[in-house]
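Common to both upcoming complexes is subunit A, partnered first by subunit B, then by subunit C.
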Partner chain A sequence: MTAMTASAAGQKLCSCHVCNLVSRREQLSVQAHCPRCGAFLHFRKPGSVVRCWALLIAAYILYIPANLLTMMETGSIFSYRKDTIISGVVHLWKTGSWGIAVIVFIASVTIPLLKLMSLTLLLVSVQRRSRWHPRQRTRLYRLVELVGRWSMLDIYVVTLLAALVQLGAMATVKAGPAAVAFGAVVVLTMFASMQFDPRLIWDPLQKERNP
Partner chain B sequence: MTDMPQKPELSDIPDAVSEPKRRFSIQLVWIIPIIAALIGLSLAVKSFMDRGETITIIFKTGEGMEAGKTKIKYKDVQIGEVKGLAIASDRSHVVVTAELSKDARGLLVKDTRFWVVRARISGGNISGLSTLIGGSYIGVDAGTSTQKRDEFVGLEAPPAVSMDVPGRQFVLHADDVGSLDTSSPIFYRRMQVGQVISTEMDRDGKGVTIRAFIRAPFDQYVKANSVFWHASGVDLTLNASGVKINTESMVSILLGGIAFQTPQDQLEAPPARPNSVFPLFITRDDALKHVEAVEKYLLVFKESVRGLPVGAPVDLWGVTVGEVTKIDVTLDPAKSELSIPVEIQFYPERLRALSRNKSPQAKPPDSRELLDALVARGFRAEIKSGNLLTGQLFVALEFFPRAKPAKIDWSTNPPRFPSVPGSMGELQKKLMQIVQKFEKMPLEELAGDARKTVQSLDSTLKSAEKLLKNVDGTVIPEARSVLSEARQSLGEVRKTLGAAQTTLGGANQVLSGDAPLQLDLRETLREVSRAAQSLRVLGDYLEQHPESLVRGKREDKQ
Partner chain C sequence: MAHPAQLIACHDCDLLQREIPLNPGCAASCSRCGAVLYRNATDSIDRALAYSLAAAVVFVIANLFPIFSIEVQGDRTSITLMGAVRSLWNQDMQTISLLVLLTTVLIPALELTSMTYLLLPLKFRRVPAGYTLLLRLMRMAEPWGMVEVFMLGVLVSLVKLTSSFKVIPGVSLWSFGVLTLLLAAAAASFSPRDVWARLDSIPGLEVTP
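Let's look at the complex of A and B:
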């Protein structure tokens, strides 16, 4: 553990984001280029925390309409329904499709929310230079990265149905405004987690050891 | 741990190319949450703006309605949705909570009407068939009031006429509703111009009130003295003038309807005000009678009015100018006399018709003066027999120049019109007089005289018989001798006739068919006949060709 505390940045070494060439930066106050490929060099992703915050806040804002507005409009000659995510889950649960209801609930409500909250936790802890369970936090970050693309389940269902079920007056399925918002939430959280630099989790430990 | 062994290679690590630092004071990434916030805000504002009015409608039942599904439609365009159905606390009705879109805000005024559109089959129209598939919905008829309201009482049946159809409503009173129903047609000159909106029983149960709607521009033809009548079904009248069938249209035959008419001379009058009240008559004739002004008069008769029904015509030289409306019996205790007051309706318009035609602008003469003048000349009412077989009577107005002078008694109500005893009464009186005269005749004396005469006749006959017997004894033997003599002379005559017969037989032989004399004679006659014929031919020829006497006969040309 302690060996990990000595970082490349502490040695004034910097790896290129593009060609991964490690180079030495003596003057920290000036911009530096990669001697091999010419890309900008940074010790850490520049503005990582700020960008991550910005995207995260945008995701939070859009999470509200994604859950309150209509996700899917299903119309047939007998009935016409407008479903939000929650009402769709309730409808599935009531009609006996418990398994699907649980999957939809987890994929569409829980996971995006968990992602948002996890990123918030990471950002807050990084900004406060917290030294609390850095390994656990890194694992959480990896989980967020991994799970990100899978929360598009709802969008897949809606887009597939909207494309397939177009029987004119007999039955139609349309995507509602919440689908766009929900898609935006998923994409924004994915970007946010990409922007987050997990090395920041370890920086406080290193600074502690090498003042 | 790893620092030290890698240290020698650190020198191999190339130096990064340095460049003066550029400062980005603004992080562009913050645009993303700002855009997201703007989108979120706009969505919030939009949904807040779109939030329509929530109203409650009270219905008797919730039949066909479902929360979240039943739509509210105005002119078949969806303007809202039923959000909830609840039973009222006293369980007498259903409270429907509905959310209307914000465009429909203007519809929520005091007199806006809501009703449930279901498939309905009534009378001539079938409506709401689409609801069989799509489910029932709540229909809206926009009101015209400006007073806002969000609690409504729903109608049980769709309104017959929607508010935005221009026209006017009128109220009709009738004894019974006939075959009328909501949406029964109303005809003017056999054209459908409106319909019945509602039919309801009067509160006192003595009649029915019918609300009728007449579309613009036809509503202007309803004047203050228009008459309405039932045009329901077929009106078949059988009377002395034959069979009369009166209908408005096939629709009204099946469903009933109302027709109205305005007197010709009233067509320029201002239209009747909306919600004016009119009586609804049973038939057209009935209605048209009431067009004219009616004056009531009282006739007092002191004779039997058997056969004079209420409704019997009042006749003036064959023209009906009124009708009997009431017949009573009154007893005058002072004189102990019975009299029969007969009330009649008199249509003075019909008397004035002539003078009006001459000068339509002139003011029609007052019927009071007119009648006074007529009565002074002997104008009287009497009861006449219309039909000797059935004994139907009617009231006739006639001139009796020799009648006792009388005047109309205007002081009573209705005024008393002078009457004369009817011709039937007169006839009866005269018959009675004849019978009385018969009664006065000395019939018994006459019978006695007759008997005496018969007796003397008898004796005369007897003496005649005697006389005949005398004749028999004296005259007959004489006659018998005369007869025998006559017979003898007849025998002689017969002999003479026999001799004559033989003579004639000889002559007959001479003249018989095969006698030679007769044959010769016939031949001779034939020759003479031929000679005469050729003479006639010659004569004819000579007449045609007189020149042949000189030139001789010409050869016939071929």
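Let's look at the complex of A and C:
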């Protein structure tokens, strides 16, 4: 890479989010389209911080019922269980499936929490125009984008079990209301991380170099 | 200022950099934040096309056959992916049912068909109609295809079921395993940058930014 210190936006150059073509954009008032692929051009994702906050707060609210309500009901002539996400993990651990318990714990507890907290940290730091470890924060954002999808795991497990185990009095598995709330948390946090623009992390530093 | 086509802005930190030629198999990363800017993937169009055609075949098999069956007192119940979606819909879990349908069937199907539709003509230096719209659509759909997560979900359910039932793995179980690998290979070799470079090289489509 040739060493340069200018951001594209500082040079009135705009990189297309679809095809990555860098093109010049002079008038900010006019809606511009990428000359190659026709996508809307914008220096930063429009309304990034506000939209990300809105989605994130919605996710926080739904995170409560997702953890308090029943995720899965298991019934048979011998026993009846109602499991929340956490109690499901504990049950797996107690019955000896340690490996699976760890996988489910990471996918359903660690990852959603990591996403919610990381996005909050990123949003707060961007709003305060913080110059604190931008490289690390960008890495954190990439991590959030990478692992976010894996929290869908529990939804798939519940779907498969609830569909397969329908044996009447012998055994029945039913998906609980927490599944809907948890699914919504996953989708909302995915949308939130898509709305966040990591270039905002670097903007406060750019102002320093090109006053 | 050099020709704008040689400039690249980092998608993560917006640092403006000049592109340099790369050796095959190498990747260029941003000098400031470390994001991968582009790779020099050998024959990315051919490879992505081959993987997506293979994945399309396996995708059909994976959706037609049962994933696994359980046997209770001689009675065997089996399940397909579509069967699971339908069953969940009937249990008044329509939202979850739609979410599963979208992330494991519709989006992967869309990705595979659009990749084939796009790359097959490009291989013969023809321009597929509506390619800009399609490339935008693929970019939007990309995060929502979750076959690999579903595969892990299948394995977790398998282990959970073996504690109370006799479980018989079905054809789809293996197909989903293969599909996961093929989709990962197709996604890894598909390079929008090379697609745009190929499009730019076709006469009549040159861009003057």
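Observations on the model:
Just so it is clear, the second predicted complex is superposed on the first by the 192 of 211 C-alpha atoms of A that agree within 3 Å, B and C clash if a C-alpha of one lies under 4 Å from a C-alpha of the other, contacts with A are read in each partner's own complex, and residues count from 1 in each chain.
Definition applied: a residue touches a chain if its C-beta (ideal position, glycine included) is under 8 Å from a C-beta of that chain, and two chains touch if they have at least 3 such contacts.
Remember, predicted model here, so these are calculated numbers, not experimental data.
Of the two partners, subunit B and subunit C, it is C that touches more residues of subunit A.
With both structures placed on the common chain, the touch criterion links A:Gln11 to subunit B and to subunit C.
Of the two partner chains, neither subunit B nor subunit C is touched by A:Ile106. Contact with subunit C, but none with subunit B, is seen for A:Pro134 once the two complexes are overlaid on the shared chain.
Of the two partner chains, both subunit B and subunit C are touched by A:Pro35.
Once chain A of one complex is fitted onto chain A of the other, the partner contacts of A:Leu114 are absent, as it touches neither subunit B nor subunit C.
Of the two partner chains placed by superposition, subunit B and subunit C are both touched by A:Arg24. Once the two complexes are overlaid on the shared chain, A:Leu55 sits against subunit B while remaining clear of subunit C. In the overlay built on the shared chain, the residue A:Ser97 is in contact with subunit C alone; subunit B does not reach it.
Within the superposed three-chain model, A:Gly47 lies in touch with subunit B and out of touch with subunit C [touch as defined at top]. Shared contact residues on subunit A (touching subunit B in one structure, subunit C in the other): 3, 6, 11, 13-14, 21-24, 35-36, 38, 184. By the touch criterion given at the top, residues 4-5, 7-9, 11-18, 20, 28, 30-35, 67-68, 70, 72, 75, 77, 79, 83-85, 87-88, 91, 93, 95-97, 99-100, 103-104, 132, 135-136, 139, 143-144, 146, 149-150, 152-154, 156-157, 159-161, 163-165, 192-193, 196, 200, 207-209 of subunit C touch subunit A in their complex.
Listed in rising order, the residues of subunit B touching subunit A in the complex are 1-3, 10, 13-22, 27, 29-30, 32-33, 35-37, 39-40, 43-44, 47, 69, 133-135. For subunit A in complex with subunit C, the touching residues are 1-11, 13-15, 17-24, 35-39, 92, 95, 97, 99-100, 103-104, 107, 134-135, 138-139, 141-142, 145, 148-150, 152-167, 170-171, 174-175, 179-180, 183-184, 187, 190, 194, 198-199, 201-203, 206. Those residues of subunit A whose C-beta lies close enough to touch subunit B in the complex are 3, 6, 11, 13-14, 21-27, 29-36, 38, 41, 47, 50-51, 54-55, 57-59, 61-62, 64-65, 68-69, 77-80, 177, 181, 184, 188, 195.
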